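Letters A, B, C and D mark the chains as written, and numbering starts fresh at 1 in each.
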Amino acid sequence: MRIRYGMVGGGPGAFIGPIHRMAAALDGEYELVAGAFSADPEKSRETGRALGLDAARIYDSYEAMAAEEAARPAEERIEIVTIVTPNHLHHPVAKTFLERGIHVVCDKPLATTIEDAEELCRIAMERDLIFAVTYNYTGYPMVKEARDRVRTGDLGTLRKVVVEYSQGWLSTLLEAEGQKQAEWRGDPERAGISSALADIGSHAYDIVRYVTGLGTRRLFADLGTVVEGRRMEDDATVLLDLDGGVRGLLFASQIATGERNHLRLRVYGSEGALDWSQENPNRLRLVAVDGSERILYRGAGTRSEAAQSHTRLPSGHPEGFIEAFANVYRNVASAVRSAGDEARGPRADFPTVQDGAHGVHFIHHAVDSHGAGRWIDAAYSPPG
Amino acid sequence: MRIRYGMVGGGPGAFIGPIHRMAAALDGEYELVAGAFSADPEKSRETGRALGLDAARIYDSYEAMAAEEAARPAEERIEIVTIVTPNHLHHPVAKTFLERGIHVVCDKPLATTIEDAEELCRIAMERDLIFAVTYNYTGYPMVKEARDRVRTGDLGTLRKVVVEYSQGWLSTLLEAEGQKQAEWRGDPERAGISSALADIGSHAYDIVRYVTGLGTRRLFADLGTVVEGRRMEDDATVLLDLDGGVRGLLFASQIATGERNHLRLRVYGSEGALDWSQENPNRLRLVAVDGSERILYRGAGTRSEAAQSHTRLPSGHPEGFIEAFANVYRNVASAVRSAGDEARGPRADFPTVQDGAHGVHFIHHAVDSHGAGRWIDAAYSPPG
Amino acid sequence: MRIRYGMVGGGPGAFIGPIHRMAAALDGEYELVAGAFSADPEKSRETGRALGLDAARIYDSYEAMAAEEAARPAEERIEIVTIVTPNHLHHPVAKTFLERGIHVVCDKPLATTIEDAEELCRIAMERDLIFAVTYNYTGYPMVKEARDRVRTGDLGTLRKVVVEYSQGWLSTLLEAEGQKQAEWRGDPERAGISSALADIGSHAYDIVRYVTGLGTRRLFADLGTVVEGRRMEDDATVLLDLDGGVRGLLFASQIATGERNHLRLRVYGSEGALDWSQENPNRLRLVAVDGSERILYRGAGTRSEAAQSHTRLPSGHPEGFIEAFANVYRNVASAVRSAGDEARGPRADFPTVQDGAHGVHFIHHAVDSHGAGRWIDAAYSPPG
Amino acid sequence: MRIRYGMVGGGPGAFIGPIHRMAAALDGEYELVAGAFSADPEKSRETGRALGLDAARIYDSYEAMAAEEAARPAEERIEIVTIVTPNHLHHPVAKTFLERGIHVVCDKPLATTIEDAEELCRIAMERDLIFAVTYNYTGYPMVKEARDRVRTGDLGTLRKVVVEYSQGWLSTLLEAEGQKQAEWRGDPERAGISSALADIGSHAYDIVRYVTGLGTRRLFADLGTVVEGRRMEDDATVLLDLDGGVRGLLFASQIATGERNHLRLRVYGSEGALDWSQENPNRLRLVAVDGSERILYRGAGTRSEAAQSHTRLPSGHPEGFIEAFANVYRNVASAVRSAGDEARGPRADFPTVQDGAHGVHFIHHAVDSHGAGRWIDAAYSPPG
């Protein structure tokens, strides 16, 4: 049986909503049965109809959706909700559904304040509900292979991490031109206190945590607003003092002209290094101390069970963004199916509400460091 | 409403069946409602159940499936069947469904003889049924951009085409080790007269035809069986004398050790050249006469309507094999929906039964040329 | 007539000395006629003999060399001296030869203190002598093309610069293992106050200045010593506040395991970006606002006179490190030949003693910023 | 002591002459002391003067040069002559100098007929003179590493070789526009019976022989003249039946629009494959059976003594075309210095007159096969 899910957000002009729908569809594990796709009821209905939903389950508001779905018989109501709204709604929507006992998949950043993020951690924990935050880049098989290589010691003692997330799509004041995505992301009322860090820097931060397992002790951030008229930073550099003194450098930009979606992670250890780039995701470069390289490909030379079980195609048949995103959904499905079992195993491999809280904490502390012009403490452990 | 489809083949251990299912699922255009997944009824049922099918529509044979589905009410029966069996069954299965008035998606090569291929062309034409052959590589947006660049004259007069399809997976006598994919592909009873050309060379040939629009006047082929014990060729080089004297070189190998799935097309014209590689499919290299290059990416710098309408994600968010395959399915869906309309427009952009016949013709003439040790005529125009 | 030159340093086990000799030899503009190749007279003689020098012009010390060469007839004595000693000797050796009226080519960093660097600027200026500092990476034709593209406005208003110089050769405590190069570079007595910044970071800084023409207003540096037992920093990140508010990020490492000699410069402007990498030096990537790229190659698509005049081979015939180094020598030769002319033209295209002083200033201010843990002013204009 | 050499050809407008001079200069092993640089005495003198030669040793003809140099005292006369004329002069010039007892470095192709080539083999052998033919691409360290990997069995049993040499510089009828290089190469009187094969195909053939050690049993060639008005083939495909049944594919083009100088060699064996590309010469890709890759770089991960001894710089400091060319000269120098020694060791690592004869034989048999439209025998063993 497919898992019944609903969606909040993702109406006309949305970017990430359709991606969630394709990711959920790919492996045949989910069926979309309900939605409140827009704050505008007409737009919500339009989207719901186009998706072939039962008219009775296309809602005018997320509150109505939560209430009415929860009132349906157990075998009919949505088991999980996907939240793909602007950032400021993540917290109220997620809280509403959690309180109805419904699992959550929420886009990042999890919330616009640390307090809100932590509240969601606590509710999910208390209710024993599944809460995934779509730091989707860790869904790539070769990122999982990278993590495995670090964990099994192939790189020796870690020494340095360089992570970059460069985009150029905000090289102009796109938010003033009516582009929907740019508009809300550039509005602090809806996006929160940050643009570049919230939208992409937090992905970069998450992938560092995922692959290295390291937390941050201190950080120094320098934020800049390059495009005149923009209300938040569009370029950021953050120095990270990671656990054990590992040196970290994170830089993210929305004004790196011409860069498409360049997320790249390099990890240097005493015995070797690794290098992964999102625009060429089927490939993982391992560099030996002598400067020679070993190139692994998805399906060719990977060693980890994680890489092998998160792939659908033989090597040389490229998998991409949707497939990685679908890996998050597939693992969530597995967790949903085993939810409530006495014997359910170790936590499934997907980003959780705690990972979401780490991202929010990072964003806020980077903003604080920039304001202070100095290194600040950044150690953190979210509830749960 | 989703299009109801059935599947023949694609049972346990299948490679291409699950890909067809993911491709059909991705855009939410299709619903799998029936299947005869294996010649072994138990395996067929096992697969059908795992896919959540109604038990009544899991069949023991394709003949039963065709008969019983055709007997169902129009609003319930399958509209189209996907054929993912070994090659020798393509023709009988396709013929059976066509004769019941059911559209067909069939894997390549279309048939094991030219006569069979042409019969399918004729039946599809007489019945006015849609018949797609999954030369899926032409589904990539950047291949469509390449075609557009050729057609709009960016390359000037075409002069030379080099296409390569190199794999290494048959570097050992895998068919003797019980590997299901290798087993039937290495058996002339099931695969037909060719291995490397049938399995991959015909893809290479199709992409040349798609991008350049050129037919072949003459060809010279040299086939080799490199791995001892193999019953068909595992390495092939074919020189093509294309329309207008354009020089063509096609080489395909299953024993190119370590090559994953390296399909690469280069087209040289008097005003420039283009270069596309399947393992990096989001990229198209255009080379200027002066040796500088322009690199287009899916979503970045493409100009053709075709490239832009066959993509789902912004640039920098990689799309892969499944997405390209899904483009074939999406275009077939569009054709199915408009089938029978008086006013249906120009033929949709997917490989047809005629393209399939071209592939079969190519395979057979390459084998003939090799046998004769000389150039042979290869001009061809299939029925329809 | 070839220019007669002498060399100080470059004896047995030297790395950079032989490179200078090959660079000087390549275009047939120079003839090596004298040398003090080592502080050890026996080693000096050994090297001089192997190079086929007249025994009378192989010296035991640089002081003797300066004195005796200056005493030779004008048509016989060296016109220019190349200094390839450890850093602490650059200043005394250069000063000695300048005071004898002999032109200088000196390796970088120019000196171990700002005062020494500035003194050399002043002497060279007063004596009207040529003084080149071998920031050799700006000798690459594609770096010159990059500069030209910036200057002619192809990139619009500059916004951001990312420069990286990553090496892994000091991933172990090589200086404790008797490796000559590591030994002196790891010894503050001979190398000065810095390792990573002095040895490679200053190259990165120079290439930024060369290509963008921008000075630095303020900087923030974070230096680290990763390998235990090392006496200076082996990893450095420096944030640059460049003229006009252009955001700069420079990072340099000697412990980036497996990195060979990865110097990469990216410059982002309002109208486009450029990207050049030293390990693939014949190539310059220009990125358009729409995310498509134009790849220029040495000899293919370059537009600047500078790129075209600093190359020896047609496109596709790779030029490398030595050729770029030779470009410095060739331009110095041209300056030497026109030295003293009333009418000598605009300053030749090679790094000067002032560029050397900029490097020294940068190193010292980065060290200061790191010590202070804050941004510091870094505007600078050396004498001359 | 430097080796004294003379040059025939290489006057104004020459391409390869200056390259030979730079290659000879790089390591300080040679001194140019004589030359007949052009059939036009004035041009010869102009070039010789610009190179700083003694006027008495700038000759009006190669005959005069051979006679007069041979008449000089042994410690003064040239020891070796470099021949960089159009192809039709290679044989007469080489023969003339050999008969005076002077060693020879000659550009390729060695001669315009097989008979001439074989005569040179015989004379060199009888006179015990060194005769190098500048198939310079085998001078690259990573080509030497490739050969070593094949010889030590890393690839297992060889199965297939694909070599390509694509250029686009003759995409127009350049020879009609007064371009000197194109002019003589396009004139059968001066170039011989072939253009693409003679100029570049023979390089591709040589590198196959060098790396694999395999001879050719039979070949099938298809030659084409794509640009109207051209007198010889500008595009060629040659199928090679190599020793032991190894399948070979060689294609060379001068009309592959936009290709710069794309020489690429792939060798597939039962245990792995290798891939080298001239435009990225510091890199060698080794592919494992599982599809993962190991990338070696000059100075990083190479294993062969040959790769290590033919390099001047640490890894990451690119070496290029001139350095590879210089390796040929350096090895010839070593042979010259030991010529006549009783105890001189195994033949040095440079392409010989026999390699030159192999190239000529290949060109002629390819032309013959094309004419016949069939496979022809091509086994060959030149004199000596």
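Everything that follows uses one rule, which is that a contact is a pair of C-beta atoms (placed from the backbone, for glycine too) under 8 Å apart; a residue touches a chain by one contact, two chains touch by 3 or more.
All of these numbers come straight from a predicted model, not from anything done at the bench.
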Chain pair with the higher count of C-beta pairs in contact (B-C, C-D) = C-D
Request  = Could you please state the distance in Å, as a whole number, between where the Cα atoms of subunit B are centred and where those of subunit D are centred?
outcome  = 44
Key: Centroid spacing, where centroids are CA-atom means, of subunit C and subunit D in whole angstrom   = 35
Key: Separation of mean Cα positions, subunit C and subunit B [Å, integer]   = 56
Remark   = Expected list for subunit B, residues touching two or more other chains, is 259-260, 288, 290-293, 297, 299-300, 315-316
Inquiry  = How are the chains arranged in terms of who touches whom: line, ring, star, complete or other?
reply    = complete
Ask   = Across the complex, what residues on subunit D touch subunit C?
value = 1-2, 15, 18-19, 21-22, 25-28, 51-52, 167, 169, 259-262, 278-282, 297, 299-300, 312-323
Residue ranges of subunit D touching subunit A (in the complex, touch as defined) = 288, 290-297, 299-301, 315-316
Task = State the interface residues of subunit C toward subunit A in the complex, per the touch definition above.
result = 155, 159-160, 162, 168, 171, 220, 222, 224, 226, 235, 237, 239, 247, 249, 251, 253, 255-260, 266, 268-273, 287-293, 373-375
